[in-house]
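Following this line, the structures themselves.
The following pair of complexes shares a single chain, chain A, combined with chain B in the former and chain C in the latter.
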Partner chain A sequence: MPIPLLGLLLVMPALVIVLLLFIVPLVSSITGAFSVDGRFGFANFQKAFELYSSDIVFTIVIVSLSALLIALLSIAIGGYLTLGSNPRAVAILRWLYRWPLFVPFIVVGQILRTFLAKNGLMNSMLMQLGILTPMQTTSFLDWRGIVIAFVWKQTPFVTLLLAGAMASLDRSMIESARNLGASRLRILIEIILPQVLPTLLVGLILSFVTMMSVLSVPLMINAQSPTMLTASMAFRINAYGDYGVANALGVISLLTTSLVAWVYLRQTMREHR
Partner chain B sequence: MDGYLDISQTRVRYGDAEILKGIDLSVRKGEFVALLGASGCGKTTLLRTIAGFNTPTHGRISIGGRDVTRQPPDKRGMALVFQSYALWPHMTVDQNIGYGLKLRRVDPATARQRVDEMKGLLGLQMLGQRKPAELSGGQRQRVALGRALAISPDILLLDEPLSNLDARIRLTVRHEISALQRRLGITAVHVTHDREEAMVMADRIVIMNGGEIAQTGTPQQVYNQPNSDFVAAFMGAENVVEIEVNAVWNSLEIGEGPHNRAALINRGERPIVSGKAIARFRSEAVEMKSAGEPALSGRNALVLHGTVVQVSYPGGLWRHVVHLGEVSLIVDSQTRFDEGAAVEIAVPEAALYIFPRH
Partner chain C sequence: MNATMIDLKWIPRALGLGLLAFAIFGPLTNLVLWAVAEKWYFPHALPLQYGFSYWVSVFSPRGNATTSLTMSVIIACLTVVFSIGLAIPAGYALARLKLPFRGAILLVLLIPQAFPNLPVYVNIARLFYQIGLNGTVVGVVLVHVTHGLVYAVWIATAAFSAIDRELEEAARSMGASALRTFRDVTLPIAAPGLLASAVFVFLESLDEFTGTYFVGAPDISTLPLLLYTAGSGGNYQIASITALILLLPSIGFMLVIERFLRADVLSKVGR
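What follows is the complex of A and B.
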């Protein structure tokens, strides 16, 4: 058998699996979005924007805000792990910060639901400490709850990447800045951060895509409107069997993440040049 | 002590290991001191302790009478040039050199002037907008030096700054750095494992061994009057023979051995040694003759006899490997001796270092 044919035969199983399980469903879902009563049209998108434009904005704002908070927290944690002067505190933080990585989103939703409710653990602790009276308590089970859940779950992931990148920097770069009189904060912002920015960006983009696809957290925490696109899509299918609008919402979600992925690709291309 | 930088009784540990075991060193203002030693001898630890990156468990470090032992690195008025240069890759040459000035809130116009001055001093005028990745090793090294000097430090600390350079560039940079140091009159402490580099650059050499100072002195002193077997070996007296000596007044009698004749030499500055001893000498400091020729005198010289087993020409002199029974020596000579030739080697007393054998 000629070599090129043999090669093709060898990659065939992998190729078939990718085609059947990834490309075909994706294409059918995208074409489904443009199919109205078996014909090509934009009615699904029209309906999606009419009914769910506030959900689209809500989703993008929530995910972007979460990404921003994740960035700040992971810079703070990574910075302390790299520059912290108290070895015990650094060791405790290093041990502690990864735990949420091993908790599934649905469990995060469940934990925070009992924690953030009007009669939840957080408010009862604040009341016991005398900080709040029962009249002042409010439920955090709205957009704030989603943001808290996302940040809680995704910060360790970004921190893991970021702290690794920070740790692999040449230690003497930090020491030379210390030697010239730079404070820890300045070293973090002016010396370390510019060098690990590509890693931070990659972590945030991967988190962005993950958060865009989480259904359990908005369902558990935010049982109201507006909500996130994932919840709207599930509702569209479960309540109405309306695959057309669900597909249209999926395409909108896909375009949002594609935009972010494009930034990621451009970044990695620049790194490898 | 009368020094500018004073280090007394300084001990440093890393975990269980004591790296510095009580260092006493005094550096005068404007002096160039080289810390010389093999890797692991504690020379870099001493430099980092002076810079403030290691805290001693005992002892005291002061600059001009001011105790800085517990002070953070940036309060000591010192600038450290790192072995890896530690330039910040995201900043241009100008930004790297000017960063210390920016931290000191020097106004931008003055800072720019100072950066230009540094670039002029180091021949980096055309490279201000380049990033470190676009520079050669020698240029990076000069940027690191400029960054350290820009803040006008009282003391310049150099941690093997030449070890990452090509051998040829290293020779010129050596002279550039020491010329610059003299011109600026800055006090400098330089860490190196390269003997010749220390000899060429420093006013005074501190030889370290196992966390202690083995000997301190001018290049001539440590080269010509090593005070221990270790220093003699480190300074290039690699040839070793075992002898029996007997100190008589100002002379040393060397008894006849299986490979040497009896000899009588002046004791000079040597410590009094009697009994078993080792003699060290450099390969180029001897006279070699064929065994058949008129015998070399045993007066003021140690005469050894052996057989040439290998000859090579590294340039300038012929290099011979000479066997004295089990002992192997390397001897350089103007004339070539054939392999298998029986030879006599005379080591003049000035080139002979004798230490007790334990």
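What follows is the complex of A and C.
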């Protein structure tokens, strides 16, 4: 058998599964959004914008804010891991930062729901330390809770990628900059960051898509309106069986991510050349 | 002079590391406390009474957790077998063979990473409902396979491309068939990477919520679904115990991942 045909045969089963169970439903979510009583129309979108425009804005703001915080934290942690002068502090940080890496979102939702509540452990500890009085405690179970959950879970992932890229950089340029008296912050921002920017971007985009897909965290932490689009879609289907509007919301979230994903796919495909 | 300088520098370091440790371990401690709390209400900082009576009821033979745990493990094992079975040939072909439409194939395998999967699950659920796969183990396994397969193919491709070609060529030149070379040379060297991808797919399936929520519920109950129902019912002890069961294998994997995935394989993931 010629080699190209054999290769195709070996890839085919995996490809068929992804095509049938991801690409086809993806396409039907798009066609479903434009289908009104079996005909083409925009009524689903009209209704989606009427009922859920605050959720759309809420989702984009929350996810962008989380991505920004994740970027800042992972640059700070990765930068210290690469440039830190004390080996013991670096070792402690390396051991510490990755704990949330594989904690499932559903577990993140549960632990933060109990931790951030008005009577949760965080407020209790602040009260014990005398920083807060019982009257001053507030619940963080709103948009702040979602942002905290996303940052808590996704920062280790982006940091892992970023620290790996930083570690594989050529040290000689960093050392010579140090010898010339450049501060570590300046080395991080002017020498290291520009070289690892593609990795940071890929990590952030993957996190962006992940955050746009998570249903459990908004359901568990933010049981109020406005909420994330994922929760609105689930509600639309469970309460009304309304696939049209749910699919319209789906297309809106697809468009948001495809704008971001386009950057990612272009980057990855370029590396495969 | 020098010694005091070093001592002083530990103040900001300890402060930063301490804050990070609080942010990471505070919530985790809270989970463990809830799992062993018998009585705990506001404004008490710590549980009033500790005990394992909830553990007994969760793990009783007729308890929900036992059923959900069994179901979760069955689904995760089937998912691993399917995903790895499909990923080994695909990964080998992508790493080693000349493929026509290589770019298009990679694109199809990257797309599930690049789009939110909830709209997809909604429509799979609708499709499965028509063909009677909703609420079945097969239906849930298929959804998990689609999700896990993409990671499995990536890691398998990376594991195969990290192998030195000369080893395979040496075996071939000594007269071994292509199949035998693959079985006796390539596969054993790639095994640690493939094992890591199997563990990863297992965990992804064990932790998967959204797809199971749409395709499986209410007939199929996995641990994440049990956690969700217990939590929304206000039963934080049951929810926390379930969360702890899900947490242990994940943290175990986090601690050993570097032994499985060597740096040279890790650096090739997604390339």
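Methods note: the second predicted complex is superposed on the first by the 247 of 273 C-alpha atoms of A that agree within 3 Å, B and C clash if a C-alpha of one lies under 4 Å from a C-alpha of the other, contacts with A are read in each partner's own complex, and residues count from 1 in each chain.
Quick note on the criterion: a contact is a pair of C-beta atoms (placed from the backbone, for glycine too) under 8 Å apart; a residue touches a chain by one contact, two chains touch by 3 or more.
Please read these numbers as outputs of a predicted model, since none were measured by experiment.
After superposition onto chain A, the modelled positions of chain B and chain C are compatible, with room for both.
Contact with neither chain B nor chain C is seen for A:43 once the two complexes are overlaid on the shared chain. Between chain B and chain C, it is C that contacts the larger number of residues in chain A.
Contacts of A:213 after superposition: chain C is touched, whereas chain B is not reached.
By the touch criterion stated above, A:179 is placed in contact with chain B alone, chain C being left untouched. Contacts of A:83 after superposition: neither chain B nor chain C is touched. By the touch criterion defined above, A:195 lies against chain B but remains apart from chain C after alignment on the C-alpha atoms of chain A. When the two structures are aligned on the shared chain, A:65 is found in touch with neither chain B nor chain C. Aligning both complexes on chain A leaves chain B and chain C separated at their closest CA atoms by 8 Å. No residue of chain A lies at the contact with chain B in one complex and also at the contact with chain C in the other.
Partner chain B is touched in their complex by these residues of chain A: 170, 172-173, 175-182, 186, 191, 194-195. Within the complex, the chain C residues that touch chain A are 9-10, 13, 17, 20-21, 23-31, 33-34, 41-46, 86-87, 89-90, 92-94, 97-103, 105-124, 126-127, 142-143, 145-146, 149-150, 153, 203, 206-207, 209-210, 213-214, 224, 227-228, 231-232, 236, 239-240, 243, 246-247, 250-251, 253-254, 266-267, 270-271. In the complex of the two chains, the chain A residues touching chain C come out as 3-4, 6-8, 10-11, 13-15, 17-19, 21-23, 25-26, 28-29, 32, 86, 89, 92-93, 96-107, 109-115, 118-122, 124-125, 127-128, 134, 152, 164, 168, 202, 205-206, 209, 212-216, 219-220, 230, 233-234, 237, 243, 246-247, 249-251, 253-254, 257-258, 261, 264-265, 268-269, 271-272. Chain B contributes residues 51, 53, 72-74, 78-80, 82-84, 86-90, 99-100, 103-104, 147, 151 to its touches with chain A in the complex.
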